[in-house]
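In structure tokens below, several structures.
Both complexes below contain chain A, partnered by chain B and then by chain C.
What follows is the complex of A and B.
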């Protein structure tokens, strides 16, 4: 055991003294994640919907049309709509050029028709180039029309009074009749309030979301999803580099020299596998730390993530232990190692979102450590224990170790 | 201390060691001399435990060398390759390689510092080895084999490809190690190295020991005869044919190849007779040297080849 730890310590020291390859492999996922994040992630200002551009053409220019316009001007509506009053020709021109989501046309005589309880028409011209925003305007105007129609019918007598006010000269208007009419209107309003206040049904705005998930998808979320995939891909590259010593020391005579000492082949094999595991985990944790510092990525409970990282690193060390027991030389290891890692990463979801992957890829991906690590990391991010990923990585890692130890021992016994 | 009996090792059809036997005592420095392919490295590899599948026995300090792994603590090996970590310093390398033996840490540090002084690398102890010259690397390579004060030291061509200064330094170390009681076997191509360094010399070829003993013992095997080296434009067969009948007690044909022949003569008066025979057979001679008996002569006589062949 003392010699095993001595070899392990020496390997760590060597890689710390000559860390360039590992540093490059650690930097690549950070750079790639940063670049992809910059290109594809939503910006903070984009996280909130911009106001919907609405053109309003007022042919009526009377009380009811002012009421419609005023509705758009309420604070709450101002956040949703940006209304520009224009004439119809300019409005249609702007619509053609896609400058607005919808145009609302209030017809001439709109107010009088309402007061006379005649049918009138509000026109909503929608921008066909936009998907949802014109529908929002249409829904809003429909609701407004229903409310106006209901109000006019409920207050028909009062409306007639108003109609007379609008039509006749003010000096002949019978003001003495206004008091009782206002009194009736007040009673209707109180009665209506009884229906409306308190509301029996209240509406509460909410969003469907997974436990622990944030309300909005931000750039940080994108980093948090991407980084585990990138990290496990480069964990594979780094552990392969670390464990290439198995081959290179055989070629340059160090293995032969070690075997002239009391060091046993099994101790050397143990040191190599343990070294790949421990150094792989350390490198993974450094990548996590950088990811947190640079991208503010969130990983979930650290304990769970540590277990997942340890399992992934264990699997990787066992796999490359096996791999280096069977390849013939350094060149072969280099030529075969990179394609295997890239295939793992492609099918396992390190290179693209698994949800966007073809079914065949997903089926193959089950055989890769990337897939299990990424799935596990997603669970940990949501605060859940990655039991399935841990079980698969540890059990298959044990099988690989069982294959690697005797094969490496044979290769070590020069 | 070391008894090798009937060690035999084949690589396919090639017999690398053929019933090789040798004894080595405490403090003896044995120079193993032989041409390429003689089996020197095979012998060192078997003794150092890095080559298996052989027959024969090796007893070291009364115990089977290959059955008792603990004996590796008593053996030091200096391989032909400079096998250590270039990215580490000389001191780190010594501590690592020495650490693989059962040497207490404090003792190991003291020993590493001593050896760095001995191989004249103390001033660069903390520098990465990749900055060292070939000679410095060879000296470090040798020092690594000495860290645990072995009772038996095996060196496989420790002076290959280095400058004269480094070579002298390494040979000094080998002599001193022998003088301190360690048994040493070192292989080389260089006759001068064994002449100046070894208390005993073994000449081997085709996997067997052809002769062994001190330098004087070996030289005596070719007698007091002078060696005549003839260079010319002749084939080996016509040359041998020309001297037929002449060879006997007074003239011995040691070796002949196309254009080069070596003969041992009891007296330089034999030389005109040899020349006469060659001229009569129309064999052109372009150069001739007369040498006193030496290890080279012995080697030539035993192997029929020059060491450089």
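What follows is the complex of A and C.
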């Protein structure tokens, strides 16, 4: 046991002397989490999306088109849309250069058609390179169209008066009839206030989770959900790197020299597996500490998380012990190791929220440590004990250890 | 001329070794394909599905206005499911309270609870929410027009609401005629990301190993200059990137992927210039680093940052303006932008010229830096 600990201590010191690769692997999950967090985290402002660039082509240049332009200028809408008035050729050029999500075209005679209560059409030209924002513009314009239709119908009589004013010469207009008409309009506007100020019917939107339980999703929540997936992915990379000594020492001839000392193969194998486990857990805890400090991520009860981290590190050490026992050389280990880790991560939910993944990917994900660690971390975050994750990781880790130890012992004997 | 032949001889040999590697097909085909399928399905889901967005309504209203309001919500794209109490499972839920009609008839304002499940489609939720706002606008519009009397009798008869202003949507002329598929977005993004990963990892590690094992030194015994060795290694890594892109583009033609690149020669030109920059970066990293793990770590870090910033993983339009400006430091941004111009706007050489210029300048700068750090021996 003393010799095992001596080898383990020496391994730890050796890796601490050249920690650059490990530090880079530890930095990757932090950088990725930060980048995704900046882009997807809920913002304090009401608008969840960046301001949408909208181009407006006004072929009408009259009262109704000014009204359309004015609706984009309301304070609430200004947060959501940035409107630029332009012509169609310039609009197309701007969309091509990624400067706009959509172009709203107001047809010629738009105002006159509305005054005549004739059907008219607004065109939304959508940027084909974009996927989400053009649809938002289309839906907004559709809602605006409903409101305009309502307004025209509400003030139909007054609208006809305005139409007559626009058509006839000024000196033939019956000004004396305008007074009662304006009076009626005023009454309608006063009556409309009963429905519009405040709005008679409003929506109170809420985001909910399963069973309708309410929740408020914050930036910290996003980081807390993402970090375990990233951490377990890079735990796999780091433990693989640390345990590659098993192969490289044999190829470099160091193993032969070590075996001339009073060190038994089983002690060396034990030191390597224990080293992978202990160093893996240490690295995971450092990532957790950084995640807490930088992103204010919350992990749940520390004792539960420590158990889960220990189980995941144990599984990882056992897996790479087994892996290095069966691969032929360092090149093969290098060529197969990274693809296996990336496949685990892709199917296991480290690269994407499992809820957004196709069902086939989810089914394969059950066979990965990433999935069990991520599921366990979610339970711990909610203050629950991750019994299933612990059981799966520990039991399958024991099976892998049982396979790894005799195979590694055989390959260590010289 | 002889010098050029020797350079391409080295490049061809490096490419032959790489293609002979068992892991090559995982990195260049299997793994990128998994990414393409996953992201392609996700993009497609966001674009088109669900065709009909579900809305569950708990209608507790004791009057007639609840039913009337729901008639306004009805649309071919909304599947209404009316229930008596809040179910355990739903995607979106609207609650019409017992006094819904009474409050309208008393002209008292009210807020309707609209619950959206966090894990349900955000696009479907937005569609339903917009439809609800449109229904509210219609009902209030009718009330403004005809609601000056007793509202209890309002529903007994009044004129219909007319959609005088209609909305038509289309894409710009001479661009696309059908909605681009999810794979049209995911294949270019994945190709760019894997060219970065593959060229930097493979290219960097092999430069380092060739130097450490003395292969580079031995090459100088033959009639090769140091510059020719450097250019040969550079060209070899450039060919790696091109082969990677060709594999994915050819596989992308298979149904149901049906990749459309716009102009194939121009798309390949963009990839070629991009791969040139990545080849120079890989030689630079391979010359600088002495450990394989360090190269892999740096490659994963750089490729992920560049891919994330450059719009390979998510549509660049949803990124905050500041990040979008910062994204211009990523070579992936310029390549993705050029591929978008070709695919979605049927762009020509003139349209992608600024992108090619930036990528060429980057490739030239990295080549100079890589040339200065390139070492034959440790």
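Here are a few things to note about the model shown:
Keep in mind that, in the parts below, the second predicted complex is superposed on the first by the 244 of 414 C-alpha atoms of A that agree within 3 Å, B and C clash if a C-alpha of one lies under 4 Å from a C-alpha of the other, contacts with A are read in each partner's own complex, and residues count from 1 in each chain.
Convention: a contact is a pair of C-beta atoms (placed from the backbone, for glycine too) under 8 Å apart; a residue touches a chain by one contact, two chains touch by 3 or more.
Because the structure is predicted, anything quoted here is derived from the model rather than measured.
Contacts of A:260 after superposition on the shared chain: chain B is touched, whereas chain C is not. In the superposition on chain A, contact is made by A:150 with chain C only, not with chain B.
Contact with chain B, but none with chain C, is seen for A:14 once the two complexes are overlaid on the shared chain. Looking at the shared chain after the overlay, A:125 reaches chain C, while chain B stays out of its contact range. Applying the stated contact rule after C-alpha superposition, one finds that A:6 touches chain B and leaves chain C untouched. In the superposition on chain A, A:284 makes contact with neither chain B nor chain C. Note on chain A: of its two partners chain C and chain B, the one contacting more of its residues is C. Of the two partner chains placed around the shared chain by superposition, neither chain B nor chain C is touched by A:83.
Common to the chain B-facing and chain C-facing surfaces of chain A are residues 18.
The residues of chain B lying in touch with chain A in their complex are 45, 48-52, 69-70, 72-73, 75, 77, 79-81, 83-85, 87-88, 92, 96-97, 99-102, 128, 144. Chain A meets chain C in the complex at residues 18, 20-21, 24-25, 27-28, 31-32, 35-36, 38-39, 49-51, 92, 95-96, 98, 101, 103, 114, 117-136, 138-154, 188, 191-192, 194-196, 198-212, 215, 217, 237, 241, 244, 334-336, 338-339, 342-343, 346, 352, 355-358, 361. On the chain C side of its complex with chain A, the touching residues are 21-23, 26-27, 30-31, 34-35, 37-38, 41-43, 46-47, 69, 86, 88-90, 93, 104, 107, 109-119, 123, 126-127, 129-130, 132-134, 136-145, 147-148, 161-173, 175-176, 180, 185, 201, 205, 291-294, 296-298, 300-301, 304-305, 308-309, 314-321, 323-324, 337, 340-341, 343-345, 347, 351. The touching residues of chain A, when paired with chain B in their complex, are 3, 6, 10, 13-14, 17-18, 252-254, 256-264, 413-414.
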